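As structure tokens, the structure follows; a few thoughts come after it.
Chain nomenclature is as follows: A, B, C and D, assigned in order of appearance, with residue numbering initiated at 1 for each chain independently.
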Amino acid sequence: MPGYTESKDQLQARLRRVEGQVRGLQRLVDEDTYCIDVLTQISAVDAALRRVAVALLDDHLRHCVRDAAGDETRGDALITEATAAIERLLKS
Amino acid sequence: MPGYTESKDQLQARLRRVEGQVRGLQRLVDEDTYCIDVLTQISAVDAALRRVAVALLDDHLRHCVRDAAGDETRGDALITEATAAIERLLKS
Amino acid sequence: MPGYTESKDQLQARLRRVEGQVRGLQRLVDEDTYCIDVLTQISAVDAALRRVAVALLDDHLRHCVRDAAGDETRGDALITEATAAIERLLKS
Amino acid sequence: MPGYTESKDQLQARLRRVEGQVRGLQRLVDEDTYCIDVLTQISAVDAALRRVAVALLDDHLRHCVRDAAGDETRGDALITEATAAIERLLKS
């Protein structure tokens, strides 16, 4: 079971907003908006997308702590996986 | 005139792909995909979005160099603006 | 007790290497090294520093999982704090 | 000739401060400072290092605009190189 079940609706709402923002970017390009203004808007979409990732990671880590519940081997495996995800996010 | 005119179609194609990727994220959440796999996919979308920004910035800087063409005051104003955009991107 | 006790020597060795890399940057500037080459080296130092952060975070999350050990309230408080640290790192 | 000659002293002063901050990190680890507080400080050092990169890039781009001065081939080569440096910085 994924860690985000509780906030699934909220997560989908955020992703729909990001989708709308990406369509907004296409509109800006279509209207020949000045490059720098498109770039500013890309930075905003990027920040929104990363906030989704952080929210998802937060939820997941909470579930890791509960699921492991003293089982050190399981806890370690979950954290190894979570750290790798954080690393991918930092490099993206 | 924006700096991206030449590659406008290519830029729009990239943005449509990013839009598709964001819709893909919604599908993953809908199907209760494991958190870490959603995060990996968010990192991929994020990287794609940042590549669009870099392509746009590259185009823009080329135009700055041409537009300024020895006019130091104009060149400086353009670069101040471009650097600020790079800074926003690094912090997003 | 900090989470990094076990690997304190390793952590200090990494930080000393980063310090050496920053001194290396000063040497490059002193020798009038070409800008782009200095920038490439800054990216390398930056990546090394972020790897230290990820290692530290990994250690810390493992300790969170052990310390919380089924205590949901304590686990939640630790994760709220860890997520905020991840967020600061993503924005730096 | 590197683009940063004019502000070389300022650049060196910034790098010495970053070096001091990295030594500060070693002190924090030595004193068993709480993980999250070390991570907060790493984010600060990272942000300082990235500001150095942005300052260097800003200087460099100004010089590119001047050096190219209407020579489109030279301008293009300089920007290709600068964009690659920005990309490396974004991924570090």
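Please note the rule applied: contacts are C-beta pairs under 8 Å (C-beta built on N, C-alpha and C of every residue); 3 or more make two chains touch, one makes a residue touch a chain.
Worth saying up front: this structure is predicted, and the values here are computed from it rather than measured.
Peer 1: Same or different, please, for the subunit A to subunit B contact, judged on whether over half of the interface numbers appear on both copies.
Peer 2: same
Peer 1: Using C-alpha centres only, name the chain that sits farthest from subunit A.
Peer 2: Farthest from subunit A by mean C-alpha position: D.
Peer 1: Between subunit A and subunit C, what distance separates the C-alpha centroids? Give it in angstrom.
Peer 2: One centre to the other, that is 21 Å.
Peer 1: Centre to centre, by mean C-alpha position, how many angstrom separate subunit A and subunit D?
Peer 2: 27
Peer 1: If you average the Cα atoms of subunit C and of subunit D to get two centres, how far apart are those centres in Å?
Peer 2: Distance between chain centres: 17 Å.
Peer 1: Subunit D: which residues touch two or more other chains?
Peer 2: 50, 57, 82, 89, 91-92
Peer 1: Given the complex with subunit A, which residues does subunit C contribute to the contact?
Peer 2: 50, 54, 57-58, 61-62, 64-66, 68-70, 72, 75-76, 78-80, 82-83, 86-87, 89-90
Peer 1: How about subunit A: which of its residues touch subunit B in the complex?
Peer 2: Subunit A residues touching subunit B: 1-5, 8, 11-12, 15-16, 18-19, 22-23, 25-26, 29-30, 32-36, 38-40, 42-47, 49-50, 52-53, 56-57, 59-60, 63, 81-82, 85, 88-89, 91-92.
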